[in-house]
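Heads up, there are several structures right after this.
Look for chain A in each of the two complexes below; its partner is chain B in the first and chain C in the second.
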Partner chain A sequence: MDAVKEALREGRPVALFPDGGQAVLVVEVGRALRVFRLGEGGSFPSLASDFPSLDWFERALWERGYTPVGHPGPKPLRRHDLPYAFREFPELHEVPVGPVHAGIIEPGHFRFSVLGERILHLEIRLGYQHRGLLNRLLGKGPEAALLLAERAGSEPVAHALAFALAWEEALGRKAPPRAQALRLAALELERAFGHLGHLAGLFTDIGYAYGATQVGRVRALLQGEVDRLTGHRYGRNFVRVGGVWREGRPDLAALAAYREELSRLLPRLLKHPQVLDRMRYVGVVRRVEAEAYGFVGPTARASGVARDLRQEDPAYPGFRPVVRQGGDVLSRAQVYAEEALQALDYALGFLAHLPEGPLAQDLPPGDGEAMARVEAGRGEVFWFVRLEGGKVALAEGVDPSFKNWRALELAVRGEGLPDFPLCNKSFDLSYAGTDL
Partner chain B sequence: MSLLKTWKIGLLARPLEALLRVPDHAFGYPLLRPEGLTEPVQEDLVGLCPSGAFFREGRTFGLDLARCVGCGRCALAHPEAVGEVKRLEVAVTRREDLVQRVDLERGAFLDPGPPPPPRKELALPTLAFREVSAGDTGLADSEIALLGNPFHDMGRFGFSVVASPRHADALLVTGPVSRNMREALLRTYEAVPEPKGVVAVGNEAISGGLFAGSPEVEGGVDRVVPVDVYVPGDPPRPGAILFGLLLLAGRVRQRLVGGVLR
Partner chain C sequence: MTAFLLLLLAPLFGGSVKWLKARLTHRRGASPLLEYRNLAKLWGKAWVRPTLSTPVFLLGPALALGGALAAASLLPLLPGPGFAGDFLVALYLLNLGRFFQMLSALDTGSAFGAQGSYREGLVTLLAEPGTLMALGAAALAGEGLRMAGFPVLGPQNALVLLLVLASLAVALLAEGARMPVDDPTTHLELTMIHEAQLLDHGGPLLALYELAASVKMLFYVGLMALLLPGPKVLVFLGLAAAWVLALGYLETFGVKLRYLRLPDFLSYNTLFGVLALLGAVWRF
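Up next is the complex of A and B:
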């Protein structure tokens, strides 16, 4: 147990999933993964009191029938047939919001405890998007399973890639070099597309119509190039186990032109007085919080945590993560802007120097298990698969949003209620990816 | 400079005809070719489709567009039996019209007869929509949001998305309707004043898609509230959704009958 605590103190949890009565805990220490098997017979010692980053993970196991012994108060995450008690503050006014929201957005319930206009506490209840995805995966072959993995979050390329990498590793194979480069090009385009969406949304939320329209215009054009490369506007049906399905021809000159335009547009927009006034010092997540709660992706990097899985990926030599120290909405917007440009640079680089060779290799059905991680736009996507005879015997996926929702709860404390949409948009988390 | 750029945004709107075409580089919708459906080909198609869109029922062979993820592998493997439709006028008012059925004896499509006429009370110059995501992965929601961008500009057809169901004429529902969203969807539907419509956007909203049969989902919007227009796609491209809205408003004629463009 001491070794587990030591690892968690130094690193952060990547995944916790049930396997035959035991809880499998995956921890990132330094840049390596360590795996611990905890407890037996369906119960395991809870560590959530010491490590809040494990709270949601343990609750997810608890509602799947496991017992985290000593958990301070497990509540369901995805199951709505179990009773759920919101934390109550009799002196404060409560504002319930959702699950159906005013915008075009996925469902979730937010319970604000406010004093006047000021948010003192927020409790987020999700699970509305729960579709039983992990159970659906069991017994599926590579193609049907990959379709489901693509639906495990709103970043289909990243999820498909992590799932395919885990599958290939379980069988001890690799995709051909050309397929690897094409996959990463699609991943980077997806990142740029997503980040521009977050930025356009932020500008919309502060009423900066010019910024929103201009960023939205380039984003829509960029989506056309994703469509050209993958044959799908969001990159579905592109990655396959063993390689990629197809190779489209994106317009590299157009991509370079969008990058050029964004490099002039975004810094100017982010210095606009209206932007500074509404985004600076709002929705702060401090670095200690980011580390204690194990936040990932741009959320962590905007709070000074210099961690990006691409740092140790040989396909990204000399990669430098984009980091800001402020932890506020503006810092996150700056990270999105700079990462979007960086992503376009990498995508252009991958597409301009595609290695020769086949697009895929067929993998024979086999047995094995492996885990894989991919740095998606929102942070690290994790997939674990266990194969028996070429079919899924056990699978577990963790969307980066699952680790980051708590950041929103922390960010809005002390802010005015009308700042909530802005703070929410600055993280732009996936509900379906969390609820699975 | 900024003013000029703002003016030029107005030039981006694409004509409806351009929005209703599937671009050359993407796969459209599959269309069965009755003459190529030999016994081994049928078997191969059923086995090859990763989402289970093909089916055999006695002496008919069928393809359910609401279960097709649009990967195009069927058309690549058996071009003699599966063709491609490059049009996005695929929204229908009747669920059966998304299913192609080939009578294997005659080697011809079965015709389910003319679709019911559109509802007259929603033939209004403007329609306000409330969007409800009920188990969608977020992509169909995203496409609906993108309908408002300068390229698609649904506002020019009098369509808008409003914040409250009380202000809406119709609901746009995405996702297979997770059990946990059932009540919220019902209550949102009840909050919309009469006359009201419902558009099921995307395969999951129509049939449950890949989640059909999962105990955590209802398996389609029409199992919870009545649906007026079904827009297939995974997710449907904005042009397809736009055609669905025009169909709801009675401004276009349904073109897909029995799964075949007519």
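Up next is the complex of A and C:
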């Protein structure tokens, strides 16, 4: 137990999933993963009071029938048939928002406790998009399983890639070099247009129509290039277990031109004095909070945590993560802007130097288990698979959004209620990925 | 007479702003005349009333437009009734509409209706004194305390009237719920001011509210037109076109203010009003 606590103090939890009555805890310490098996017979000791980063993980396990012994008060995350008690403050006004919203966005329920216009507490309740995806994966072969895993979150390429990598590693195989480069190019393009989407959303939310349409236009053009490369504007059905399904020809000159245009446009938009007034010092997540809650991706990097899975990836030699110290909406916007440019550079690099060779190799059915992580636009995507005879015997996926929702609860404390949508958009988390 | 003119032009005004914004963001944009068809479409729809609400719910849209039109009928762009202090009556007819609009939103019992109401209440509270003082200054500088007797801009009263015009411009943005005070296009309930009050109104009720919003803005444009030299109706039309341009640019290249910064912005309205009044009294 002490070893577990020691690891959690130094690192952060990556995943917690049930396996035959035990809870398997995956912790990142430094850049390495350590795996602990906790408890037995369906109950395991809870560490959530000491490590708030484990709270949602333990609650997710609790509603799957496991017992976190000593958890301060488990509430369901995804199941709406179980009772749920919101924290109540009799002296404050409660503003319930959602799960049905005025705009076309994913469903989520937000319970604000406000004093006048000031938010003192926010509790987020999700689970409206729970599809039972992890159970659905059981018994599936590589093609059907990948189809499901790809649709887990809002970033299909990253999810498909992490799932395929785990599958390949479980069988001790690797995709051919050309497929590897193509996968990473698609991943970087997904990151670039995803980040531009966050930025366009931020500009829309503050009513900056010019900024939103300009960024939105380049984003749509970039998606056209994703379509040329992968055959789908969001990059679906491109990555397969063992390689990629197809190889398209994106227009490299056009990609370079979009990068050029963005490198002039984005800094100009983010220096607009009124934009600065809306974004600076708003929605601050401090570095200690980011570390204690184990936030990942741009959320963590905008709060000064210099961690990006691409740091140890040999395909990215000399990778330097984009880091900002402010932790506010502006810092996150700056990280998105800079990472979008960086992602386009890498995508261009991968596409310009594609190794020769086949696009995929067929993997024989086999047994084994492995886990894989991929740095998606929103942060770390985790997949674990156990194979028996080429079929899924156990699978677990963790979307980066699952680890980051708490950041929104912290960021809006003390802010005005009208600034909530802006804070929310600055994280732009996936509801479906959290609900699985 | 003036009320009919404003009612007729109101959809064109709103539609033109939308069209210009589309053009400025490199989109083709729907015809400015689409707004007429949109209102006709809304008018033809069925309407529903929340089960827990009372008939006050219906008074909101009716009086919002009714108040705006009654105020507009006092505007002496075209021949119409006029009397001493008519500008006060007109201003409070607008506020009567707003009062019932707020009641109507509260009547639904939804959190957003209440939120929109208290925010709009605050905006009105901040914008009203400045507007009142500015109009008072115009009346004092003219002959008789009536809108028909407002002076026109000239070398002798340029300072006072420019201050009055500036105050009215800020008031138009606040009362019309336009940027940078409020974003009329947002779908984010929590940032809404004016729109949050309309969330439960649909069909003909929404059509009334949309018409009322444009008529109110045109009323302020009309007030400004009174202070400019030239044939009143032509000046009014020209000024309305200028406001379409101004709003289009403001809402494309500007950013909505933080809600907590609104008092800063609206204090200019009060400042201009106070200065105009001092100017009118001491005749500088």
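The criterion applied here is as follows: the second predicted complex is superposed on the first by the 436 of 436 C-alpha atoms of A that agree within 3 Å, B and C clash if a C-alpha of one lies under 4 Å from a C-alpha of the other, contacts with A are read in each partner's own complex, and residues count from 1 in each chain.
Here is the rule we go by: a contact is a pair of C-beta atoms (placed from the backbone, for glycine too) under 8 Å apart; a residue touches a chain by one contact, two chains touch by 3 or more.
The shown structure was predicted, so the numbers you read here are calculated from the model rather than taken from an experiment.
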Touching partner for A:Arg64 - first (chain B), second (chain C), both, neither: neither
Just to be sure I read the superposition right, which of the two partners does A:Leu148 touch: chain B = first, chain C = second, or both, or neither? first
Chain B versus chain C as contact partner of A:Arg228, first or second or both or neither: first
Please indicate which partner A:Glu106 is in contact with in the superposed arrangement: first for chain B, second for chain C, both, or neither. first
By residue count, is chain A touched more by chain B or by chain C? B
First, second, both or neither for A:Gly207, with chain B first and chain C second: second
Look at A:Arg217 in the shared chain and tell me whether it touches chain B only, chain C only, both, or neither; answer first, second, both or neither. both
Name the contact category of A:Glu117: first (chain B only), second (chain C only), both, or neither. second
Check the residue A:Phe420 against both partner chains and state whether it touches chain B (first), chain C (second), both, or neither. second
In chain A, both chain B and chain C touch residues 102-104, 210, 213-214, 217
Chain B - residues contacting chain A, complex: 2, 5-6, 9, 12, 23, 25-27, 50-51, 69-73, 130-139, 141-146, 149-151, 161, 163-165, 175-176, 178-181, 184, 188, 210-211, 214-217, 234-235, 237
Please give the residue numbers of chain A that touch chain C in the complex, ascending. 95-97, 101-104, 117, 205-210, 212-214, 217, 272, 274-275, 277-278, 416-422
Contact residues on chain A for chain B in the complex? 78, 80, 99-100, 102-107, 127-133, 135-136, 143-144, 146-148, 151-154, 156, 197, 210, 213-214, 216-217, 220, 223-224, 227-228, 231-234, 236-237, 245, 248-249, 430-432, 435
List the residues on chain C that touch chain A in their complex, please. 21, 24-27, 111, 115, 179-180, 183, 185-191, 199, 251-261
